[in-house]
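Please see the structure below; I have some questions.
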Amino acid sequence: MSVVMLSLTGLCALLIISILFFILGYLVWNGGKSLSWDFFTRLPAPVGEAGGGMANAIVGTLKLLLIASLMGIPIGVIGGIYLSEYGGRVFGFIVRYTTDLLNGVPSIVVGIFAYSLIVLHTKHFSTLAGGFALGVMMIPITLRSTEDFLLAVPRTLREGAMALGASKWKTITSVVIPAAYRGILTAVLLALARVSGETAPLLFTAFSNRYWSPGWNQPTASLPVMIYTYAIAPYEDWHRQAWAAGVVLLGLVLAANIIARTVLSRGIAVPR
Amino acid sequence: MEIPANAAATARVKIDMGIPAQNPEPQTPARIQIEGLNFFYGKMQALHNISLVIPANRITALIGPSGCGKSTLIRTINRMHETVRIARAEGTILLDNEDIFRLDVVRLRRRVGMVFQRPNPFPKSIFENVAFGLRVNGFKGSLSEAVERSLRRAALWDEVKDKLHKSAYELSGGQQQRLCIARALAVDPEVLLLDEPCSALDPVTTAKIEELLFNLKEYCTMVIVTHNMQQAARSSDFTAFMLDGRVVEYQPTARLFTNPSDPRTEAYLTGRFG
Amino acid sequence: MATIPIAPDSAGPALASRSLARRLVSGDQVAHLFTLIFAASVILITSLLFYELWINSALSRAKFGWAFFYTQNWDPIFEQFGARPFIYGTLVTSALALLIAVPFGLGAAIFLAELAPAKISDALTFVIELLAAVPSVIYGLLGIFLVVPFVREILGPALKKTFGFTPLFTGPVYGVSYLTAGLVLAIMVAPYIISVSREVLMAVPNDQREAALSLGSTRWEATWKVVVPYARTGILGSIFLALARALGETMAVTMVIGNVPKVDLSLLAPGYTIAAVIANEFSEAAGNLYFSALVELGLVLFLLTFILNGLARLLIYATTQRGAANP
């Protein structure tokens, strides 16, 4: 009985791990054979024609991430500093709890939020609105991880600086943050990785575009949305491109995750 | 070959270094015989060639400075060391002349119970705590009678009989430790191992537990690890003094405390180290 | 004598202003306030999010009231909006996902926390956490081209053949279905269950395991009867987190569920979920009432996940703290 049940648990782990490898393998195999230089440099071909690429979607994703970072990183990092260094019992708890709840809001709902806050008023689908939605999603991940990494800085380090007469703020900027900077970078990178694959909040904020996006207040293509539209389209060639886009996106996300978790945060636990 | 039940107790087993297995009182039948036990954590050797005979229905205390290996030794007797991945024991331990390393580990632990340093009741009711061992052992019979018997033996019955279905965490620290003893007694172990059972308790509670142990001699053999020399002196029949993973001296308690034969024992007892 | 009271008088304000100046320069108060504003903006954003959902759904809430939740008719042309098919689809797919993911996830978590050597456990956990990072649109892509054909060709017909006598597995098998969405969701939420459950299992104090083993439990009994019950609140928390995630998942579900606004008892039939209908119809919602009804769906989703996450977080806080204090 004991042995049977224990081996069953091992089987569960094995099954789940093998699903991952199967997924990765299938994606890389399918995507790899559809990848070409054109994919990175050319615009999508007109509907019905084969070939073309997703250059505009790659740039669009980068632009969206830039706006998201401008919003998510300051609020996340500085909010995290507040929680770990100043946060009072009650207010600290409220901020922490709200952050966790915001983290759990479905991404499609964040899309509705960005739509009604920006698109409804500017009357435009835009890069800005899409970036805002992604920014909102970045905040909780960055904030809570930053807090955890800062809290992991030993108290003795803080006390050492304070004992030399440094003010609290001076201690934070000159001792605590430098000690935790790799952790903070990890937090930021993980947040970027997470939102870079988000599709739902972009559907009706950044929308999509088959050409280069003419400006920040105009709709733009992005990799995840392209995967979606190409995957559900009835054309064989589009499916091929969806796989290629999938492998590029997955490569980006996994690379960011692996770098964050192994290179940057070596020796420190990555919080969730 | 059949070995008579108490033959080994009187036989002085020779081991590789020529040191006889130490038995402080050859006339008492042996319950456990440890012969040439070496113990390793990875490459670090924690016990060196331990040989001890533990007499039945007596209390044997293991004393010594921290890190001397007394906890390691006691945890080897019910093979609890196997939960540590890098730990490895070599040598023989006989329980009623059976090699414990050849017994099924689960059966062995049913026969050799253990009480830990800090009270560790399960987050269940008082009743369920005591009944746990019975349930996993497929006990057939009246659970409530068995639970009551164990709680009585652990001198806890009168204090908890009206709240058997309350959480064990509502009890005080001393009551929790007696509950853990009751839990261990419920499966009728032949041997009860106690790993510093009073280190987290106050003196009054400690006295209660010592008294309880004295009364339990009727039912089982006990081995107690303690860093408290007074406790060893008060409650045990035999005492082994350990140092750096070796047994320095093993005597009836009264003799060890009044007239130690090894200068290191004397140094420890008079507080010159540890 | 007259000079004496002057000294403190002249020194007082000078000292006070200097210390104020120093405080400003060293910036402690300012820094506190500055970081506080950023932290508070999280609360502002969350409240604003709720406010927007509430205001923009006002029209629909006023028109349909509670009927919105149980009427079945979703008709943009005649402006009749009832959310029952979506709510049903969301609940069914999430329940299916949990039904599949919880046993496997918990099993894997037990293996990683209790059995696997630390190094292997850490390596596998790393891989499983990567699995959680894979974007949902990629799961959708794999869902369309792997899971849908699998259900259509193999699983669906097999289930129909064996369990066809129950209403759960009847009707034509299209491949896109509640079941397909449930399968894809299960793969997506399993990593959450595993990584959180593993953590709470590892937080169970070792003396609990030892106590159980010393009473003659087998390794499995010690795990199943002592360690798992000890960690049950945290495990429940992880399941709630997974459920919240399944309820709100959009892309992967939209791509495999078939998007048919009907309530169908058969798990092999295509259906629709709240998130999927928002994704499909939001950008083309002409008319204020249509728009408002979709926002109300968003509000429902928001509240559902809000409550679930709230509970989950409290449960997980509670266990990790108990684990640390060990009463």
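Letters A, B and C name the chains as they come in the text, with residue numbers starting at 1 for each one.
Criterion: contacts are C-beta pairs under 8 Å (C-beta built on N, C-alpha and C of every residue); 3 or more make two chains touch, one makes a residue touch a chain.
Being a predicted model, the structure only gives us computed values, none of them experimental.
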Closest chain to global C-alpha mean, per-chain Cα centroids: C
Chain pair that, of all pairs, has the most C-beta pairs in contact: A-C
Interchain centroid distance [CA atoms averaged], subunit A/subunit C, Å: 16
Whole-Å gap separating subunit A and subunit B, where each centre is the average of the chain's CA atoms: 55
Between subunit C and subunit B, distance of the C-alpha-averaged centres to the nearest whole Å: 49
Subunit C: positions in contact with at least two other chains: 218, 221
Numbers and ranges of subunit B residues touching at least 2 other chains: none
Footprint of subunit C on subunit A - complex, ascending: 1-3, 5-6, 8-13, 15-17, 19-20, 23, 26-27, 30, 74-75, 78-79, 81-83, 85-87, 94-95, 97-113, 115-117, 125, 136, 139-140, 143, 167-170, 172, 193-194, 196-200, 203-204, 207, 224, 227-228, 231-232, 239, 242-243, 246, 249-250, 253-254, 257-258, 261, 272
Of subunit B, residues touching subunit C in the complex: 78, 80, 83, 85, 106-107, 109-114, 116-118, 120-124, 132-133, 136-137, 169, 180, 183-184, 186-187, 193
Contact set on subunit C toward subunit A in their complex: 26-28, 30-32, 34-36, 38-43, 45-46, 48-49, 52-53, 56, 103-108, 110-112, 114-116, 124, 126-131, 133-138, 140-142, 144-146, 187, 190-191, 194-196, 218-221, 223-224, 241, 244-245, 247-251, 255, 275, 278-279, 282-283, 294-295, 298, 301-302, 305-306, 308-310, 312-313
Residues of subunit C defined as touching subunit B within the complex: 117, 205-218, 221, 225-226, 229-230, 326-327
